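Got some structures for you, see below.
In the two complexes below, chain A is the common chain; its partner is chain B in one and chain C in the other.
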Partner chain A sequence: MLLVNRILDISFIRRNHAMRSFITAAWLGWQIESNWADPFLFAVYSIARPIASVMILVVMYSVITDSATEEPIFAYIYLGNALYILVGMIITGVSWAVIDDREHYRTNKQLHTIPMSHFMYLMGRGVARLIIGTISVLITIGFGMLFFKIPITFQLVDWPLLLVSTGLGILALAGLGMIMGSLTMMLARHFWSIGEAVAGALYLFTGAIFPLDVLPSWIRWVGYGIPVTYWLEVARRALLGPDAIGFPTLARFSNLEIIWILGGFSVVLLVLSYFFYRWSLHTAKEKGLIDLESSY
Partner chain B sequence: MSSLPELKQARGFKLFWQTVWARAYPRIVGSTREVSWMFFETVLPLLGVAGYVFVYKAINAPPDYIGFVVVGGAMTAFWLNVLWSMASQLYWDKDAGNLELYIVSPGPMMAILLGMSIGGLVFAGVRAVVILVLGSLLFGVVYSTGSLILLVLVFAVTMIALYGMGMMFASVFLAAGREAWHLSNLFQEPIYLASGFYFPVKAMGFWVATIASIIPLTLGLDAMRQLLFTSDPTLGFLSVPIEIAVLLVLCVFFITGAYFMLNKLEEIGRREGRLTERRR
Partner chain C sequence: MVENNLAVHTEDVMRIYKLRGPKRKEDPREIIALDEVSLDIRRGELFGLLGPNGAGKTTLIKILATLLLPTSGTAYVNGKNVATEMREIRHEISMVSGGETSGYGLLTVEENLWMFARFYGLESKAARLRIDHLLEVVGIADRKRTKISDLSTGLRQKMNFVRGFISDPKIVFLDEPTLGLDVSAAREVRAFIMNWMGDHPESTILLTTHYMAEADELCDRLAIIDKGKLLAVDSPRNLKHRLNQDVVFQLTVEPLGPRPSREEMIESIPGVRQVTVTEVAEGTVLQLILQADEILSDVLAHLTRRGSSLIALEKREATLEDVFIDLVGRGLDVDTSHTAEDRDE
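The block that comes next holds the complex of A and B.
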């Protein structure tokens, strides 16, 4: 709380209504995600799930290829799966915040009557899961470098490309997460599965764990319309260095072209998420869903 | 003044059976009242299964492995049901205020847990069948139909052991309180890995597969795959008869364990006044 108070005391933030809502919500989200569980269980939970998830793919790959983990496709599959952890966490983060406030803590009515930016509040609530997701990604990549010799060399990593692409990727994902969260506000049923369902669907269409060329041609185009496809591709290129052989799917695009596409997606999704949020909020209020306790 | 119909008090087995049915009823009938769950619970999980199928396709795996994924993906329905609708259920019930009603009612708690199992089994069964049928049709999975009776037997024994485990976990998770949520999350991917949901469990090595055999789905899935896919008999972990025998032992172990743990938890809960305490 001390750190949060200091941040909130910075004059620019103190005067900025939206930033105050965002930072307070991020702190609250972190407390909810971490403080209510035994620290050991929380740590195991944050590490065991992503490692197990990537190990499923490692074993599948090893059984078929007789552990040919030095092949370039292995590093691509491994990193795609590791980075995808962030996608699932961010996309479902806001939805879960809506569900928690509305159904579990039953505080939605109060949250909508206090003077704060609710849009930024929801964005902030997603930050906690972003932090947990980032830790999981780093652990998973470190695990891969240590045990499966994933060829990441710190000197060869294109850091500017990695940082810019990840920043844009996170913004695009935040936009998607807000859209999912807004949708959740209007749902009385299945709200708890919508974020995870979309994250699961994106796993299939974004080439996270296999080249999109493996998909039947009639559904392959779906992947090209999703920002995650571009972020995963450029982040993998940045991590593996210029000589890495990647998936053929986006081989014809240069790094800069992919960054432009990703930037375009981020702007469009953020703007769209704001208007979608406003419309969803209005609809939820009109239908009396804003403080619904469905116990569904 | 009209007289009320005389109610005959149920006792013994009749009371047990009526309690089972009363708890199973909302799960079975409720699922037919609001059928939109079919889309969220069947089509969307199929996308996750498809992801693993395409990984195998990308690395040119033999066709049977695609069948392994489809069968494993279908069986995740039962595991998720046991975690979220059995193990965590008493905790949800405590949170919603139902647990105290269960305890003050004359119905035995074991019957309530059994009713939950039967209702959950029907619900998860529908999801599993849809994933199995759609997955098999979409990816052209070919099954061997040699030992249908043995297959039904393996499935039945696996389900009894699995839901017995769920009944036992219900007490454990209730004691865990708010951490039940994290426990359920923790038991997803790590169990998919250890139990070989998407590959033959033998690939995990003898000791990991042996330890993972405490989860009934490990041996159940392995036996079902041996019966459904006969192209490579060396992929099985143990022989089917041995796996059935171990599963039978697990059935007895988990159901007996559920009975004793439930009684113990109820006794501790009553003594410490925590059975209806919703803050933890």
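The block that comes next holds the complex of A and C.
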């Protein structure tokens, strides 16, 4: 709180709607996400759960391929899954904040009558989930390196590529998450799981667990239309270095080209999500849904 | 242009709720929550909106606080349009609902208030001073470090109340501020409101209530609202003056007997303006608004004819309750919401 206090006291941040909303909301989000009465539960949630879900995959893979975990395709699948943890966290993050505020904490009446940028507030609320998601991803990858010999050598990792692509990927995902959140805002009750559903559906079309090339070509195009596909691919390339050459997905694009595509996606999605958010908010106000609770 | 000494100005504001969910035949599919409401509230006024449950009070407050858009008509807060100048309005207002016990339970009282002060763009030092001061005033300074989830309902309500005043707002919307509070807590809240208005003569408070006495005690002016329509807007004193030529009697009789036919009803006696009937343990209480004292003898004769005997008789000053009954034709404690469900939280 002290640090946040300092930052917020900087005059141009304090006077700027967007910045002070984002930072204060990030603080709030962190309080909520890290509010584990029991550190043990926190560990289970952010460490054991992701590892368990990857393990299921590992077991399935081993049964099918007779334990061929040395094959590059294993690293492909393993990393796709590990990175996808972040996708899920971000895409569902905004929807969860919307639902939490509206129905769990019931603070929407308070939040929508104060001078803040609610768009930036929702983005800020997502930061904590982003951090926890990142930790889960790192732990899962570390686990894979230790026990399944995922061939990541730190000297060979293309760090700039990894950081830039992940930054862009996160922005694009934030845009997607905001669109899901806006939908949630507009649709009363029972639509709470829309973000989860979308994250689940994307899993199959983005090359997270199998290269897109095994799909019929017309379904492949679904994957090409989703930024996650590009991020997963380029992040794997950055992590695995030469080992990634054998992966067929997007093979005809160079790293730089993929970065450009990803950048285009982030800009388009962020702009789109902003206008969609505005329209959703207006609709919600027309219908009287802002402070509606599903439970009555 | 809107006159700039008005804190609130509305022109023919309508709000219609479309009902979702399964349609039942006997239900109306639309609810007209506000029906062409035109209202002016001046700066510095403590203005009350008085009406029964379901009258549309919360709906009007939500529109003014930029939570809800009017279906038609326009509303201005401090000269700014609620539909197009929300951000400007939000710098100047705050809103607190009574019975509002919601909040981020995992934060402490201080953290929660700090957070809102930050959203308002207050500096940390100013925020801390104001938080400490307000907590002191409402008497929960010792709970600063308590988590909200550990507070009793009443204390949470107080904390939310403090939140509403933390930004030194120009206009405060208080939706039923004493709802659910016990007598002494309600008195404290009213005292706080009065004091705050005393310290901030330029500021405006719009409060809603369905307690007559509260409206009478607090408000400079008030509007009586029922079924989405404003029925009268005036100071409590002037409203009561309207009935001054009339006299109010309270009779307790026993038994009143079965409901008589139309021409046999007390209302049919010339000079009787309003009658309300309440059953109590001792018998039946009749509140009568009569055009003149003499009419009472006609009423008594009528009652004798019906076989009722008089247990008690009292002549009293007109209250806001009487004004309301006179305007609406029934008492305030009758629920008039269109649907059986209570949609107000």
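By definition in this document, the second predicted complex is superposed on the first by the 285 of 296 C-alpha atoms of A that agree within 3 Å, B and C clash if a C-alpha of one lies under 4 Å from a C-alpha of the other, contacts with A are read in each partner's own complex, and residues count from 1 in each chain.
Everything below uses one rule, namely that a residue touches a chain if its C-beta (ideal position, glycine included) is under 8 Å from a C-beta of that chain, and two chains touch if they have at least 3 such contacts.
Source: prediction; values computed, not measured.
Under the clash rule set out above, the superposition-derived model of chain A with chain B and chain C shows the two partners fitting side by side. Look at A:L215: by the touch rule set out above, it reaches chain B but stays clear of chain C.
Shared-chain residue A:A201: touches chain B; no touch with chain C. Of the two partner chains placed by the overlay, neither chain B nor chain C lies in contact with A:T184. In the superposition on chain A, A:T92 makes contact with neither chain B nor chain C.
Touch criterion not met for A:S280: it reaches neither chain B nor chain C.
In the superposed pair of complexes, A:R106 makes contact with chain C only, with no contact to chain B. Shared-chain residue A:S165: touches no atom of chain B or chain C. Superposition on the shared chain A places chain B and chain C such that, viewed from the Cα centre of chain A, they span 80 degrees in steps of 10. In this overlay, which is a superposition and not a single complex, chain B and chain C have their closest Cα atoms 5 Å apart. Residue ranges of chain B in contact with chain A, taken from their complex: 34, 36-37, 40-41, 44-45, 47-48, 50-52, 54-62, 65, 96, 178-179, 182-183, 185-186, 188-190, 192-194, 197-200, 203-204.
Taken together, the chain A residues at the contact with chain B in this complex read 36-38, 41-42, 44-45, 48-50, 52-53, 55-57, 59-65, 73, 77, 189-190, 193-194, 197, 200-201, 203-204, 208-211, 214-215, 295.
Residues of chain C touching chain A in their complex: 17-18, 20, 62, 65-69, 87, 90-91, 93-95, 97, 100, 102-107, 111, 114-116, 118-121, 123-124, 160, 163, 167, 341, 343. The touching residues of chain A, when paired with chain C in their complex, are 1, 5, 8-9, 14-15, 17, 20-21, 24, 27-28, 31-32, 35, 105-107, 109-110, 112-116, 188, 282, 285-288, 290-291, 296.
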